[in-house]
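Two complexes follow with subunit A in common, the first pairing it with subunit B and the second with subunit C.
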Partner chain A sequence: MEKLDRRWLFLLIGLSVIIPSITNLRFPVTTSPPTLNLWNFVDSLKYTQKPIIIVTDYSPSTSPELQPMANALFRHALEADIPVILYGGLYPDGYGLAQITERTVLEEMNYHLANGDSIIYGKDYVFLPFAPGGLAVIVGMGEDLIGTFRIDVHGDSLKFLPMMDNIRRLEDIGLIVDIAGSAVSRWWMIYAGTRYGTPIGVGTTAVSAAEYYTFLQTRQFIGMLGGMKGAAEYEELNAQRLNIEVRKQAGIAMASQNFVHILIIVMVILGNISFFVLKKNRERRL
Partner chain B sequence: MFLKRTLPLLVVFLLGLAMIIQFFIPHPVSQTFYDSMAEWVRISGAFALVLGLASFFYVHTRKIARKNKDSFYSGVAIFCLLGMAGVGIFGRGGTNGWLFSNLYRSINVSLDSTMFSLLSFYIASAAFKSFKARNAMAFALLVTAIIVMLGRVSFGSFLDGVVEWILVYPNTAAQRGITIGIGLGSIATSLKIILGIERAYLGGGD
Partner chain C sequence: MSTSIWVWIAAFLTLTIYSFLYKDNPLYRFAEHVFVGASVGWSIAIVWHMTAIPYIAMPLRDAFIQSNWPGFIYVAIPTLLGSLYFFRFFPKQSWLARWPIALMMGYFNGISISPSIETNIFPQVQGTILTGFNPTSLNSWWALLLLVGVVSTLFYFFFSLKHEGIVGKTSRLGIWFVMIAFGASFGYTIMARVSLLIGRIQFLLHDWLGILR
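For the complex of A and B:
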């Protein structure tokens, strides 16, 4: 085992990813408390009609894990008639990813609601453009949200969009969900959350999820979607509670994740057995 | 010397001090100062993009001029940047147009996520080769990692309670210690910058 060519491992990993995703395997998803808290909080906004800001603060590299979160959140908010501000985040990369979320969900919803209500830009949701400045943009939004951006992605003045009538600064916002694979979510928590009192939720990669538990305990984050599983849980809640029947991107990807995790666990166990057998043999020889 | 070193140090010292004092004074004058500073940072951020572009062109055109062995890739980088910018500025629909969105979606997103996904192969290989229970601490780490990994898959739902406990208690305790350490480190570094002890941002190894 110790001398096993790592290309065999690569082959096994590749097969574990490809086979479950092409065989349409599905597994049950149980919901964790951080996801449930976020879902419930988002859903409660339909009673206050305060808008939710969905921030796609990630780059394409982490999009397979994070894009399903943005889609599920956007879909939930629109289905529940919660006003949404879609924002590409503090780096230029996120704008294109927010655009993908906008198109994916609107296509699904227009199909879904063919004979019912349709989504109207400016009334149901608004899309903010990229603004340079990083941290200063959050502070600017805290003081004067419309003044910070002035226009939306289509070049129209934010002042004239009906959804923005009662929104002046971050304190008028019901929830910000920052979806990021980096530490940017902490900036939103420190400035938008602590300084301006806006509730913050977070969506992050599985690797980063562990470090945010400390802020969940202090309620600085009201909820969290951790990695592919978090996204799959949110999709499942959407399906169960709102009867949203669309393609579950994260649910599909979870099949591959299940097999890869099991494979890695098996390989680690085998690697350890081999390590101890070799160690014992060496000791015997001595 | 004054313009290159003394003036920047003075600006950093005065503004750093002013921002600290401002934080503790809830007065309209202090608030107006804070707002205008926030606006200045956003304006400087826009200029930083220009500076980044200038640096990008400087590095890559030099590589091409010197006929560096990687100069082909520099040419590709410049072509891609100018191409995307051209489509975004002059293309139909601008950055909301079909072509710009699809170039981003089909090329940038696909390439970037493919590069990142290669990590899983190396992580698996590294876990197999080096994640060994050499002592009690390593054994504890190994068992915890296996439980948490199992908890992230559908087959491991029976471990949900244990995984949540690990993440909420031992993990939070360790993370909080690290966070406090980072916070203290940030304060120390900020003070060093404000007082002119840390000058790396001035460049030139000063």
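For the complex of A and C:
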């Protein structure tokens, strides 16, 4: 194993991703409590009609994990008639990714709801533009949301959009779900959550997920979508409970995930066996 | 197979980036530079159109036309302060950049200290302390394990006492909890890295070649 050219491993990993994808292998997706809690909380907003803010605080480098989350959340909220504020986040990169979410979901939903119940901008959802200032923007939203942004992405005044009639500041918001591949979710928790009392949910890359479990136990995060598995779980809940029949971007990927994980486990075991065998041989020679 | 030129360009760049797995080559470096350039270009365009114009140029223009001088000063002063950052490029006058830095540091420290403590310390300590222990409830035993884990891990990072005797035993227990946490993080990290690969493979197979449904 020590002399194995690592390019063989790259090839094996590549094949472990490609083969399950093209053979349409599917594995059942079981739902974990953090995802279920988030889904239930989002769904409960249909009774209060308080809006959800979906924040796409990530860049293209983490979009394979996070884009399916944004899509699934946006789809769920629109399907359940929950007012949505789509916000491209505190960094410039997220704005373009929020545009992709908007386009993808609207195309699917307007196809799905061809009976006339289409999605109307300004009534069903609003799209906020990038605003400079990082956490100062969160504080600004807490004090005066409309004053912080003034206009939407189309350049129209937020004051004239019917959905924004009863929204003045963060306390009027039912839930903020920050989807991020960095520590930005903590900013939302600290400022929007602790300071203004707005419930916060998080969608995060798998790298950050382990760190955020501590905030789930204390309910500082209502729920969490951890990596591609979290996105697949949310897609599955949408399908089971709302009969949303769309391409499950993350769900499809889970078969490849399983295969690569098995491969890596085998490689770790073989690597360790090789290490101990070589160590023993060296000791014998000495 | 896609008929969009942009999908073909993206597919070409994806393949050139992955060519690095075989070995470093000029095509990989070309794609790397394009990626860095495109992301910086995107950020500049967004900041220009969504910050400089609506938050600086238009308010200044409107205030000037309406002879609203307090409104003009209200926008002009922060803009001038922010512009001082550019003096970083002039070595002799670079000290001027310290003014906006000092202002930002003061603002962010002032606004962060109290809520950071309220978020990161108090609820976390509260969440660790076991209350209302019920031996028949599995949750209570998990909570006890959590308490033991937190305390023993904190002992491991307590360096004012020599790690021997009861302190040594507790800190060694702490290492186990730390290692389990590292293992969980490692598993998640693999999932994250594989997800990125899956994302690109899905793009190649679905969006570009149309093989994957």
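Quick note on the criterion: the second predicted complex is superposed on the first by the 285 of 286 C-alpha atoms of A that agree within 3 Å, B and C clash if a C-alpha of one lies under 4 Å from a C-alpha of the other, contacts with A are read in each partner's own complex, and residues count from 1 in each chain.
FYI, contacts are C-beta pairs under 8 Å (C-beta built on N, C-alpha and C of every residue); 3 or more make two chains touch, one makes a residue touch a chain.
Note that the structure is predicted; figures quoted are calculated from it, not measured.
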First (subunit B), second (subunit C), both or neither touched by A:E143: first
Which of subunit B and subunit C A:I264 touches, first, second, both or neither: both
Partner chain in contact with A:L135 - subunit B first, subunit C second, else both or neither: both
Subunit B versus subunit C as contact partner of A:M189, first or second or both or neither: second
Touched partner set for A:N272, first subunit B, second subunit C, both or neither: first
Which of subunit B and subunit C A:Q99 touches, first, second, both or neither: first
Touched partner set for A:F10, first subunit B, second subunit C, both or neither: both
Residues of subunit A contacting subunit B in one complex and subunit C in the other: 10, 13-14, 17, 59-64, 95-96, 131-132, 135-136, 139, 206, 209-211, 214, 217, 227, 229, 257, 260-261, 264
List of subunit A residues in touch with subunit C within their complex: 7, 10, 13-14, 17-18, 21-22, 24, 59-65, 91-93, 95-96, 129-132, 135-136, 139, 150-151, 186, 189-191, 193-195, 205-207, 209-211, 214, 217-218, 220, 226-229, 247, 249, 252-253, 256-257, 260-261, 264
Residue ranges of subunit B touching subunit A (in the complex, touch as defined): 34-35, 38-39, 41-46, 48-49, 95-96, 101, 104-105, 108-113, 115-117, 120-121, 123-125, 127-129, 131-133, 142, 145-146, 149-150, 152-155, 157, 160, 164, 167-168, 171-172, 175-176, 178-179
Interfacial residue positions of subunit C with respect to subunit A in the complex: 21-22, 39, 42-43, 46-47, 50-51, 54-55, 107-108, 111-112, 115-116, 118-120, 123-124, 126-127, 146, 181, 184-185, 187-192, 194-202, 205, 211-213
In the complex, subunit A residues that touch subunit B: 4, 6, 9-10, 13-14, 17, 27-30, 32-33, 59-64, 95-97, 99-100, 103, 131-137, 139-140, 143-144, 148, 153-154, 206, 209-211, 213-214, 216-217, 227, 229, 254, 257-258, 260-265, 267-272, 275
